[in-house]
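Each remark here refers to the structure printed beneath this line.
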Amino acid sequence: MRPSGRTPDQMRPITIEPRFTRHAEGSVLIGFGDTKVLVTASVEERVPPFLRGKGQGWVTAEYGMLPRATHTRGSREAAKGKQSGRTQEIQRLIGRSLRAVTDLTLLGERQITLDCDVIQADGGTRTASISGAWVALRLAVDGLLASGKLTVDPIKQKIAAVSCGIYQGNPVLDLDYDEDSNADADANFVLLENGHIAEAQATAEHATYDEEALLRLLRLARIGCNEIFAAQARAVA
Amino acid sequence: MRPSGRTPDQMRPITIEPRFTRHAEGSVLIGFGDTKVLVTASVEERVPPFLRGKGQGWVTAEYGMLPRATHTRGSREAAKGKQSGRTQEIQRLIGRSLRAVTDLTLLGERQITLDCDVIQADGGTRTASISGAWVALRLAVDGLLASGKLTVDPIKQKIAAVSCGIYQGNPVLDLDYDEDSNADADANFVLLENGHIAEAQATAEHATYDEEALLRLLRLARIGCNEIFAAQARAVA
Amino acid sequence: MRPSGRTPDQMRPITIEPRFTRHAEGSVLIGFGDTKVLVTASVEERVPPFLRGKGQGWVTAEYGMLPRATHTRGSREAAKGKQSGRTQEIQRLIGRSLRAVTDLTLLGERQITLDCDVIQADGGTRTASISGAWVALRLAVDGLLASGKLTVDPIKQKIAAVSCGIYQGNPVLDLDYDEDSNADADANFVLLENGHIAEAQATAEHATYDEEALLRLLRLARIGCNEIFAAQARAVA
Amino acid sequence: MRPSGRTPDQMRPITIEPRFTRHAEGSVLIGFGDTKVLVTASVEERVPPFLRGKGQGWVTAEYGMLPRATHTRGSREAAKGKQSGRTQEIQRLIGRSLRAVTDLTLLGERQITLDCDVIQADGGTRTASISGAWVALRLAVDGLLASGKLTVDPIKQKIAAVSCGIYQGNPVLDLDYDEDSNADADANFVLLENGHIAEAQATAEHATYDEEALLRLLRLARIGCNEIFAAQARAVA
Amino acid sequence: MRPSGRTPDQMRPITIEPRFTRHAEGSVLIGFGDTKVLVTASVEERVPPFLRGKGQGWVTAEYGMLPRATHTRGSREAAKGKQSGRTQEIQRLIGRSLRAVTDLTLLGERQITLDCDVIQADGGTRTASISGAWVALRLAVDGLLASGKLTVDPIKQKIAAVSCGIYQGNPVLDLDYDEDSNADADANFVLLENGHIAEAQATAEHATYDEEALLRLLRLARIGCNEIFAAQARAVA
Amino acid sequence: MRPSGRTPDQMRPITIEPRFTRHAEGSVLIGFGDTKVLVTASVEERVPPFLRGKGQGWVTAEYGMLPRATHTRGSREAAKGKQSGRTQEIQRLIGRSLRAVTDLTLLGERQITLDCDVIQADGGTRTASISGAWVALRLAVDGLLASGKLTVDPIKQKIAAVSCGIYQGNPVLDLDYDEDSNADADANFVLLENGHIAEAQATAEHATYDEEALLRLLRLARIGCNEIFAAQARAVA
């Protein structure tokens, strides 16, 4: 039995509020149950130094957690003076995932930065961030298309992410904090709507796992991502 | 004429959503028009080193601005590795203001941290933060009283803050970004419900000002704070 | 009774030694009683990036306290690797104050940096810094005028600053450390010779204050600044 | 055809020089072809703060790359003042992997730190680090057993890691730098001798991949890890 | 001919103003010509962690240069967020030199910190710092003896330092900035009154030097230090 | 008697393995007994900002110690976020020493960086670094000459360095860790093959020393450097 009473392949309710803030070219408040992440997409007409003059754009991400997004208050990274290894690992993953579905040459010499700030955390903040970031990116690119700055859509596909894990011996979908902190293994999958994989990461926490378990986790992830793709489609409709 | 069409002594709509997040002992999303600040109050049963064993508590604040809260994206302080002088100045002001209405001895040997994170900025983020922080603090202390951890209320009074300024020669209340960025002078007042002043700061931006102007700004601030006191009362009712 | 035996409206002796060091374009050792601040004005023929090509100059300030300027040794900010919030707040105030009396367009595309280093502290270091910085700036600009680099004086007025506070219930002028550390409220005023205000900051420390008190503090500040204006005039004569 | 002329399932030569340095309780220079990593295991009779008094030990890792381990010189992280996101991601992975085969309770209240410093890089530095770290850990624990500080072996299994990827459409084992920098997708697997998985990470670089490809990469990894297990066994014999 | 017209073995005027500031247990403004360094000695009744419980004290130093001590303004180390290699090298030298003449066991479990802040620089700031630090240390220890906190004097000898160099082919004593920036070689010697050497450092700048030159520089240093010893004796008389 | 049984003027075995790594333009693993330092020389076709357009090149050095190069593990400077004063002092010395034998104008507008990383430490790491850096520089410059990028050799002479010290009252050559940590005084000399001195540094640790001792240490250093010059010649033959 899962602490939340969900079935093994049951996602938490997915909520997506597009255009949650006014200034960003794209923005969204995405919720996977009690996990809430504000994602903004900011378009800047310049590229980082390593891409100057190469005729292509860039998509990147930054991730943060408000100090009291969590059960007990964590320290503020700006006050500590550095981002944790966890933060950097997550923001690298988000950027990489969104670039996997963007044609950077079609984007032109501009950068889109996806800021993912966790307002409330209950497990799965990185996967909610990726899933929300696609919506924010979509909205920002729609604006570029509408204004004529872009004439061809550089976004090749939808992308979504979800966590799964082995909890008390059973593969389950979309871990919440109670499950995540006690899982034998947890995994994050970043999937495309056509079934392809952009990223698979599966980590033994309290017990190693076998190939069969890896495949069962991947299949759960497909179920979850299909729900997310549907929610994304409604949000940008 | 003000860009927003407001009269000189007219506040923007004040919105206060108490208990906006679940984990914090107190939380609120406060809005002064398009300025939106999430404030959480976190109770910790320990005090900073300089107060250990002194039989009193502490109230402190941290302030942050999400990178795309503003019209153009600002850099993330956690990524830059330090908080700006502006950030530090504001969080010092917030903490000082809330301590002005808290009896730290009655609070006991515990610390309450007020995290003020700006979700969307349109002028007045520091005054919205102070005004919202009082609500978050009130909710957190109510919890301590309800649980029996406190038996006497350490909050002595309500406190609120608002900005005013000289815009195109006229004193006006509650500057939005358009006004703030062009004001001759701007001021922030932190006031108590009994009319007393906890903090007055008035700065010449494009023109110095005289004593008469200072008094007129203070009187506008009283008008604004009275509206905020009423909104605070409704929020914690 | 004040610990120093001064009357409520009595300044400490003001000492100004112009040209205290040789290399700077302007320099001064200013004393308000036992508070001693060395201020240098450095002229550089360049402006910060945000002003390049805008046809105007810049005046900025940096502030520091020698580790043993105080009663007990404080840690060296260079060794800790960052400037405190207090330091940043003060240097922002100093720069803003001096810019309030400088016509930056007349200054031309050059920057004047006012370094205010506290040699010995006994209360009022920020107000002594501002008052001394005007002298250093005046000397540096006189040099630019004498050399023909400037033909029109960009300094519009004198500026001075002084602290006041409510000490044991009474408004007093120019707090020393003993008073400052026990004041109910303290205030810093930055005033022009024509009576206008560039900056007013009044903070409740142990007790909030009312409008009447604010006005009495401002009037004390005028008395103090008039003495400082006279001392500045003698120093640059 | 692979640039090196290897077959798809062919590892580069694996070299392991145990006891490469004298001071560390365990040390090894491991080579996967031209990739050379020096790993030392340092035993300290204390645990990090979060584990004090919990009756268990800790295994952790730090990773670094000498500035000229690479084709062109990279900047020294100590001089830049921070570790990159990549460095932190890798050292977190190494520590996690080694903890997966260590019984931390049997280790007792002591910490073993695995320092993995890349002397020369040609792809696969993180997997060489993990594979070498097991040898260094084994040697250090053997010392603790020999000295009587431990009486029961806390290392539960062998662990090894290898990279694989899709290069020009074909799954290949143990990418060198030429392949790694042009791969469609690359993956790192951390495997146990009994076939279980401690960590699987597969990332689309230039093209997403499907479930079948993921399984083929995993099977290549098993081939590679079996060679590494044999080399580890020879090294500690 | 030296730019200043001095003879090869002629020091600049040495000025020592003891008790230049009020709060420090010892303080001095020392001048070697236009080089002016403020040195304070701060006594703290604690020792650094590595000496706790070892029954001995510690003497250490910190060095700083005010931004406009030099001909052109240098950046403030506190603002840059780190001390330069030069600063650290100098403060390590100062601390080591003073410890060479202090019996740390006799000092008891307390620390004396020598803060050397350069007010104005014209060559020789590190040697002026060491020479002044001895005076500040002497004054601080005299206070400890006078108050009965110490009964036996832990200072074993006088110590002084001076620079020398090869300027236009000739060994000269006490380089000023003009000479220092053009010297073929420069050297710093830290000497005891009994003729012994605590530190000798001689560096080729534009030309290497031979043993004979090293000895001639050392002999010039003896001449200079004897003058400094006399000035130190007058200052603490 | 020396702990190692060596005679006072006996060096430890000198080992030099040129071309220890593949990517660097020059590389060497140098050993003075158990002290092992990997030095690489990296050629970059650019100069630091302060030399741009001046028609000359630059030679600089960076130094690091692997965390477990020493008897007990030291913390990793990259993880601490700054280089120690000792590290900076050493790398400044290495760079200065190599520049003393390089004609920077002949080098052209390029920079050669010498990275000295201590693999294993047993005293004398800075002198081994300098001695090895000459070999790495020589190899890198030979490559520039062979490729025709340089036509005239900018290296003017060989340079080598060795430590000496007063151990139990006797001057000895090439201190190992046991001697170094107990020496009364220690010294580092950087010498040219023609007998000239590039750098002499002699420091009292537990006892000051006299002129006669300084000269005896210098003479021991000549003996040691002559052995190093011979080893360097063999390595680059």
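Read from first to last, the chains carry the letters A, B, C, D, E and F; within each, the first residue is number 1.
Heads up, the rule we're going with is that a contact is a pair of C-beta atoms (placed from the backbone, for glycine too) under 8 Å apart; a residue touches a chain by one contact, two chains touch by 3 or more.
Every value quoted in this text rests on a predicted model; they were computed, and no experiment measured them.
Fewest steps needed to get from subunit C to subunit F, stepping only to touching chains, is 2.
The minimum number of touch steps linking subunit B to subunit D comes to 2. For subunit A, the chain whose average C-alpha position is most distant is E.
If each chain is reduced to the centroid of its CA atoms, subunit B and subunit C end up 28 Å from each other. Averaging C-alpha coordinates per chain places the centre of subunit A 50 Å away from that of subunit C.
Note on chain placement: the centre of subunit A and the centre of subunit B lie 32 Å apart, centres being C-alpha means. Among the residues of subunit A, those in touch with two or more other chains are 81-82. Around the closed ring of chain contacts, the path that opens at subunit C and continues to subunit E reads C, E, F, D, A, B.
Every residue of subunit B that touches subunit A in the complex is listed here, in rising order: 21-24, 27, 34, 36, 38, 40, 42, 44, 62, 64, 66-73, 76-79, 81-83, 87, 113, 115, 117, 119-121. Subunit D contributes residues 82-86, 88-89, 91-92, 96, 100, 192, 195-204, 208-211, 214-215, 218 to its touches with subunit A in the complex.
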